[in-house]
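Down below are the structures I want you to see.
In the two complexes below, subunit A is the common chain; its partner is subunit B in one and subunit C in the other.
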Partner chain A sequence: MSPLEKLTFILMGVPTTLAISILSFFLGLAIGLPLAFIRAYGSKPFQILVDAYEKVFRSVPEIVIMLFFYFGFGSHLREPFKNAFFTATFVLGLRSGANQSQIFRGAIRGIGEEQMVAARSLGLSRLQAIVYVMIPQTFIAATPGLGSEYALLVKDSSYAFIIGVLEMMKRADVVRKVTLDTVFPYFAAAFLYILLTFPLSTYLDMWGTRKKKQLGL
Partner chain B sequence: MYFLFEYLHLIFSGFLTTVEVTFFGIAMGLVLGTILAIGDIYGGKIVSTLIKLYVEFFRGSPLLVQLFIFYFSIPTLLDIQIDSFTVGLIVFGLNSAAYQKGYIKGAMASIYEDQMMAALSLGLSKFQAIIYVILPQAMRLVIPAWSNEFCSLAKSTAALLIIGERELTSAGKTIAGHTWRVFETYTFIALIYFVWISAVMKALDILYEKVKIPGLEVSL
Partner chain C sequence: MAEIVLECRNLWKIYGKVVAVRDVSLGIKEGEIKVLFGPSGSGKSTLARCLAMLTKPTKGDVFLRGECLTRPGVDLNKARARIGFVFQHIWLFNHLTALGNVMLGLRRVLKMSKEEAEKRARRALREVRMEEWADHYPAQLSGGQQQRVGIARALAMDPEIIILDEPTSSLDPELTGEVIDILRELAKKGTTMLIISHEMLFNREVADEMIFFDEGRIVERGPPDHFFTMPKTDRARRFMERLIKQTARD
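Up next, the complex of A and B:
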């Protein structure tokens, strides 16, 4: 294989890597945003549950959880966990939900109680205040954090390699096994991962910081 | 869950490897990260650019890639042999340094200007001021960020299983493969991670409370 062929083979893993990262990011968003509001405004028992969820996903390795689901359910050929792509995305999404809950909670705290009080005093219900006043601002305040969460997911999507998903990391490893070239494939993969994470997260960080300053958040 | 008792030695030796790599990684990251932070603040443009490249590589690429590079690529390039445990120590140390540099630099920058001027005006040299005035305060401020870094490092040591190092997760994989009791095994492994990581984080919380300087806490 020429270097170009090797690179092309690794590049063909980019769609899978991006699919895992983006899908798990949105799963994490769907989990994390409600959890953050429950943590901020919910009743005590729910707050404790959210806290426990965050703690578990903070300290148990993604790899262990992936192996748990993949070999636990997957080995009995139970849909959908026997699909390694699904399992990887699902687990990373759950993990990202815990992270995003923390990011959004920080953003809610940054916005402050006054906004909530002001919205309520204008006659909005609690739910209306959350949907129309808090959430739009929360997103802006959370943008830098969400940018680095996305970058984290792109990197962590490589854990899918362990349960056999043919993404970028796995392809680099295949190239090494086939050609016995131990140098090029891994450096190429490292470079591609940096290319996938760095520009977007830097841009989101800059945009979010500027926007926050503009709005005085 | 009784079948797990037969494998306790395996779990325990795996756990020890995990703990060793974690603590070594954190310690090496702290020393190297502090040097990088000082170099970045005082080192001038070229040093600062080099440090930026270093940090970007280790923060921008996945741990798995870094482990493979140090396990396969570097030995080929330098024509040496490195065993998987040493690879773990090196990679987690270098990787953690890249993250810790950011936290330490942030903490140093937050107390930098007035304190530095005051120290210089009292006749300390710049170097003395960093060692005796800035760092002792910065190290206190950095503890909360540091405990997050500990948490993510401890958990990511599981990645070592891909280069065949026998740490906690790979011990779990072996047991699950032998017994086919997948759920029980990984639940137990997850529990071990949860307990030891939570315990250390709690200890770091207490440490932060103990050493903090009233009026100089991290504002959240």
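Up next, the complex of A and C:
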């Protein structure tokens, strides 16, 4: 295998790596945003549940959760956990939900109760105030944090290799096994991970910081 | 006799062990302007917020045109939409332009179409002389301009009464004038208002009744001249003396 052939073989894993990262990011968003608002405005029992969820997923290594879902649920429940791609995305999404809940909660706290009171004074319901006043500001305030979260997911998508998903990391490892070249494949993978994470998360960080400053958030 | 728009009867607000408002009864009639004043921490803001049902009173009742708002099952969102509120610290929506701030309630609460809401919002901004600033975000406006947008936001909803909680006290002294001018115009138009204010010249000019508030209760009330000439209670007299000295110094 020439270096170009090796690189091409590894590059073919990029779509899978990106698919896992992006899908789990949005699953994490769908979980994290509501959880953050439940944590901020929900009743006490719900707040405790959210807290427990965050603690579990932020304390247990995702590799443990992934193996548990894939081999544990996979062998007993079979579909959909028998599917390694699904399991990897699902588990990373659950973990990202816990992270994003914290990111959004910080943003909500920063925006403060005043915006809520002002919205309610116009006659908006609590839900309307959340949708039209709190969420837009929460997103802007959370953008830098969400950029880091995306980078984290791209990196952690490499754990999917343990359960056999043919993504970038797995492909680099295959090249190593076939060619016995122990340097180039990992070096190429490392470089590609930088390329996939750094520009976008840096852009989001800059955009969010500028927007926050512009709006005085 | 003019109808009472907003009223509270035997209203109490207690936070833990602190009694912020004790047994206050107060009504504002159609077209009337009442001014509430008194030392900071005396519970004026809390009373204002209870009247607007932004805070639930601990005891007592609030009535909007005779309809009790403190009974269970009342649609408070509807009631709040009929009561305008202007905040001491302004609290514009940071992510929306001046126009967007004024339009939000029109669109989402009064359910107006976009065109209709925009027309009405621009008219409200014109009334506070902020029309040219419609596309600016709050962070791009001065404090006085922000507060004028805050007034437009309340005004656009066409409320039956506007409650203003120290609308100029968070502003730099040179910016209070532009806000006071707007309030003076509202007063001339016969807008029903409850204003918490220590701008004594303004108070004297527009108030139908002034209410001296201290330690959570009404200490003394009467027409403005009453306070400027012969307040009955020691506390009101001392407070007036301090304010007048301060105004003279400014």
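Here is the rule we use: the second predicted complex is superposed on the first by the 215 of 217 C-alpha atoms of A that agree within 3 Å, B and C clash if a C-alpha of one lies under 4 Å from a C-alpha of the other, contacts with A are read in each partner's own complex, and residues count from 1 in each chain.
By our rule, contacts are C-beta pairs under 8 Å (C-beta built on N, C-alpha and C of every residue); 3 or more make two chains touch, one makes a residue touch a chain.
Values in this document were obtained by computation on a predicted structure and should not be read as measured data.
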Partner chain in contact with A:2 - subunit B first, subunit C second, else both or neither: neither
Partner chain(s) touched by A:64 [first = subunit B, second = subunit C, both, neither]: first
Touching partner for A:161 - first (subunit B), second (subunit C), both, neither: first
Which of subunit B and subunit C A:214 touches, first, second, both or neither: second
Contacts of A:43 with subunit B and subunit C, given as first, second, both or neither: neither
Which of subunit B and subunit C A:176 touches, first, second, both or neither: first
Subunit C versus subunit B, contacts on subunit A by residue: B
Touched partner set for A:137, first subunit B, second subunit C, both or neither: second
Partner chain(s) touched by A:123 [first = subunit B, second = subunit C, both, neither]: second
On subunit A, the residue positions that both subunit B and subunit C contact, one per complex: none
In the complex with subunit A, residue positions of subunit B that touch it: 56-57, 60-66, 68-69, 72-73, 75-77, 151, 154-159, 161-162, 169, 172-173, 176, 180, 182-183, 186-187, 189-190, 193-194, 197-198, 201, 220
Residues of subunit C defined as touching subunit A within the complex: 52, 54, 77-83, 85, 87, 89, 91-95, 104-105, 108-109, 137-139, 153-154, 157
Footprint of subunit B on subunit A - complex, ascending: 55-56, 58-65, 67-68, 71-72, 75, 106, 109, 151, 155-159, 161-162, 169, 172-173, 176, 182-183, 186-187, 189-190, 193-194, 197-198
Residue ranges of subunit A in contact with subunit C within the complex: 111, 114-115, 117-125, 128, 132-133, 136-137, 140, 214-217
